[in-house]
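You will see two complexes here that share subunit A, one where it goes with subunit B and one where it goes with subunit C.
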Partner chain A sequence: MIKLVAGALVAAVTLALPAVLDDSALAVYILLGLAAMVTVGVSLLMGYAGQVSLGQGAFYAVGAYTAALLALNGVPPIAGLVAAPVVAAVFALVIGVPLLRLRGHHLAFATLAMQLILLSLAGQLEFTGGDIGLQGIPQFGVGSFEFGSAAAYAYMTWAGLALVMLVTHNVITSRPGRALRALATSETAAASSGIPVGPYKLVVFALSAAFAGLAGGIYCFYTGYVAPGSFPVLISIQYIVMAVVGGLGTIWGAVVGAGAITLLVQGLDQLASLPGMPSYAPSVLSYAVYALVLIVVVLFLPHGLVPAIAGRLSRQRNDPPVETR
Partner chain B sequence: MSAFLTYLLNGLAVGCAIALIASGLVVIHRVTGVVNFAQGTFAVVAGLCMSSLLGLGLPHGASEVAAVLAATVAGLLTGLAAIGKPGVTPLSSLIVTLGVGVLAYAVEIVLWGDQPRSAPGLAGSVTVAGARIQTQYLLVIAVTALTFVALALFFGRTYLGKALTACASNPYAARVVGIDVRRMGLLAFALGGLLGGIAGVLVTPMRPISFDTDVTLIVNAFAAAVFGALTRPVVTLAGALVLGVAETMAAGYGYGSHQLEIALGLMIVVMIVQASRRTAISQEST
Partner chain C sequence: MLAVDGVSRSFGGVYAVRDVSLSVADGEVCGIIGPNGAGKSTLFNLITGHLAADRGEISFLGHRVDRLAPHRRARLGMSIVFQAARVFRGMTVRENVMVGMHGRTGAGFVSAALRLPRHHHDEREIATHADAALERVGLTGWADRPADRLPIGQQRALQLARALCARPRLLLLDEPASGLRAQERERLAALVAELRADGLTILLIEHDVAFVTRLADRLVVLDLGQVIADGPPAEVRSDPLVLAAYLGQAS
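So, the complex of A and B:
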């Protein structure tokens, strides 16, 4: 009952916000939703399949470039938006076959390398527009209806996020979801219980890439341009920070983590652009916040914010606190 | 022909610098099981420190030593953050070192700004068999050779080095005979900082260093260390030299813009080949 009411409340607030926010606040709101979309994928990949990807920004970029290229070549935007997650997922399937043989820190570095290669290629190739990138991407629209306002993009973003969360929820609660949890603990044990370890890991990798691709597609229509500079390595690290802060392997954790970090960085940006602050203040503050939050959470809240708070609440309600190490 | 020799020697020097950073990575990984993402940061800290100290008028020699010491302290601090708290898994420690690397960005920008900085090294050049090579490059090769000899002596001949090796091969047995594994881990991090610092001091005169150079450095070093499966220093040295020469040749013969792709592609291929040779069980138990 409480869950239903809370869910309805969250949905109502989410739907009401775009109508009351002004344009600059809407920009934050949209970026928050996009970040949450990617983070849900990261959380699924790290928390359930036990794989660390430092290259999630690459799939975001693939989605954005796919949608942008299609839209610039006269394909209807809706087709571009559908193609973005599909192409990102196919790309993940292709590179996942060799890469997912790797584990732990090897996989982390390989995915980071993949993103660096992709960015370097995007900066050199003709059809991606080189370092300047692609500009003049048309507005999103269906048929003759065209998205003119930021509020429309906000609704699109949060509808996308709802879809991503629904898919993730269904994956987690299904039989393959339990299999994923098993293989995150021990691949050998999972394989000997008859779980097809390789294909499952590959599918989750592709799914998380599709989420990132969808976010990338929306991003390119919203901003109107894409360039290699929009997808630095730091963006991939940022998704890790959000997923870890919120709590790995929890859907709401990813959303809360993305929200907390986005709002924190945004608040600090405002602080840093006050008169009298040095010109380097915004970047310094955001680097410091990412770093400190990441270190503190990994060391002292290893399960993340949402599980920690939920655990504390249920303990208060039910029984005297249990001393955990 | 002389162009080829120049590229070869320059490549060896670049490879030596990578090897120094990679050996720090190997030392830390052997003892603690942690892949230190902040290893490139140590080199950056040393390079930036050196450029500042030389700018303040400190003589050569003193500036370099001070810069390497600063990197050693940075290594120790990173170690404290990464393995100071008991019960943190190596993969969590990797994420912590990632955080330390990003935190270092903030500190570096406040102290040195976000523009690349350079420092004067050894001036002049010598001609070896018709190939001109800058003296600084020869210095890099010589210092790296000396460092690796010193490392071999340290690990093979001293009590402390043997204790570190003991922790690397079997932490439990090392604890049983009274070796403080955590202190050894911190020592390994400090040593990693020292090695990264030496690399930074040597690299800064060859190419300007800025706060975000560490990504290129760590990726190259990791690629080299992967040759030796992150545990064997000598294979790592060979891997770094191959990498340095391959990159410099690529740049020299006109594929300069694809330098990074070559290094990264090579790294991924080597890792996948290695992974296919090991079984899942042996990877999970280590």
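So, the complex of A and C:
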């Protein structure tokens, strides 16, 4: 009952916000939703399946470039938007075959390297527009209806996020989801329960890439412009910080984490662009704050915001849990 | 049912298991014992597929399995209870047991994401069998608790329920009694005896000779990677080679 009311309230606020926000606030709202979409994938990959990726920004970029290139070549935007997650997932499947043989830190660095390689390729190749990138991407539209306002993109973003959350929820509470959660603890024991560990890791990697690719597709139509500079390595780190702050292995944690970090970074950007601040202030501040937030959360809220709040609520409602032994 | 034929495995030039042959018949409880470092765990991993043999053949239910991945062997009907606690963290006791049904069901990512009929059908079947397995090992009352917070005895029982959920043809137990208190050990022995009475084929690898002697129809003794005795427990226990191996280790 409480869940139902809370859900309805969240939905109502989500739907009402685009109508009342001005364009600059809407931009933050859209970027927040896109970041949350990628972060849900990170939470699925890291929190549930136990695989690390420092390269989710690369899948975001693949989605954005895919949709942009298709749209610039006259393909209807809707087809580009569908292609964005599909191409990102296929790309993840291909690079995942060698990469997912690695574990832990090795996997993290390999995915990071993958993003660096991809960015430098995008900066060199002619068809991706080099360092300048791709400009003049048409507005999103279906048939004769064209998106004219930021509010339309906000609705599209949050509908996409709802879809991503629903898919993630459905997957983790099912046979394949339990298999993913099992292999996160012990690949040996999972395999001996009949789970094909390698293919399952590959599929969850591709699924998280598809979420990032969808976000990238929406991003390119919204901004009308993509370039290598839009997808720095910092963006991949940011998704991890968001997932950890919100609570790895919780779907709502990804959204709350994305919200908290996006708003924090916005605040810092305004602080850093005050008169008298040096030109490098924004990037220094954001790197420092990611580090600081991560350390504070790991020290004081090791399970993240959402589990900490949920734990406090359930402790107020029930007696303290009895130690079982 | 299970035939191991001339299997060897070495690590850095030292044989952990050397030219081992043994077989387990349908409905039999076979115990593998041996002093520390005899190669019991290596042999176990060779049978389950977590290690590859350098030489030799392993067949199970008439299939050559020594080149098959662990999950394929599991799907043929090998279920394992590991020695180290291998319960899946972040999942409830029931969810852990449900994982055991993986090989017997087929709903994949698409069925799950779209909640297709296949998903609902499988979930019902998985839940029914998981609850039955929980009941069997006496964990029904613990079903909704986090699995990693269970005491070690119940974690072992949980692994057994997970293994039984897969409806195994052969149940492999790796040192199931280790780390258990006397009372937990008794409960486990009673459970294994019950399973034997049901006709389940069991391969028991055990350090505790008294525990395995009570349960096994036949004992295979390993020492320094080789089989030194194979026969009924009473015979094996008075075998001079076996006594020497154990006394040699004790001195």
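Everything that follows uses one rule, which is that the second predicted complex is superposed on the first by the 313 of 325 C-alpha atoms of A that agree within 3 Å, B and C clash if a C-alpha of one lies under 4 Å from a C-alpha of the other, contacts with A are read in each partner's own complex, and residues count from 1 in each chain.
Simple rule for what comes next: a contact is a pair of C-beta atoms (placed from the backbone, for glycine too) under 8 Å apart; a residue touches a chain by one contact, two chains touch by 3 or more.
These numbers come from a predicted model, not from an experiment.
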- Query: Between subunit B (first) and subunit C (second), which does A:S186 come into contact with in this model arrangement: first, second, both, or neither?
  - Reply: both
- Task: Have a look and say if subunit B or subunit C is in touch with more residues of subunit A.
- Result: B
- Message: A:Y225 in the overlay: touching subunit B, subunit C, both, or neither? Say first, second, both or neither.
- Response: neither
- Query: When the two structures are overlaid on chain A, which partner does A:G249 contact: first (subunit B), second (subunit C), both, or neither?
  - Reply: second
- Query: Does the superposition put A:V203 against subunit B (first), subunit C (second), both, or neither?
  - Reply: second
- Task: Could you look at A:V171 and tell me whether it touches subunit B, subunit C, both or neither (first, second, both, neither)?
- Result: second
- Query: Where on subunit A do subunit B and subunit C both make contact?
  - Reply: 186, 188, 191, 325
- Note on the structure: Given the complex, residues on subunit B that touch subunit A span 35, 81, 85, 87-88, 90-92, 94-96, 98-103, 105-106, 109-110, 113-114, 215, 219, 222, 226, 257-258, 260-261, 264-265, 267-268, 271-272, 275-276, 280-281, 283-284
- Quick one: which bits of subunit A touch subunit B in the complex? Just the residue numbers, please. 52, 98-99, 101-106, 108-110, 112-114, 116-117, 120-121, 124, 186-188, 191, 233-234, 237, 240, 244, 280, 283-285, 287-288, 290-292, 294-295, 298-299, 302, 325
- Task: Provide the residue numbers of subunit C that touch subunit A in the complex, in ascending order.
- Result: 48-50, 69-71, 74-75, 78-80, 82, 86-91, 95-96, 98-105, 107-109, 111-115, 119, 122-123, 126, 142, 145, 149-151, 162, 166
- Task: Quick one: which bits of subunit A touch subunit C in the complex? Just the residue numbers, please.
- Result: 167, 170-171, 174-179, 181-182, 184-186, 188-197, 203, 207, 249, 324-325
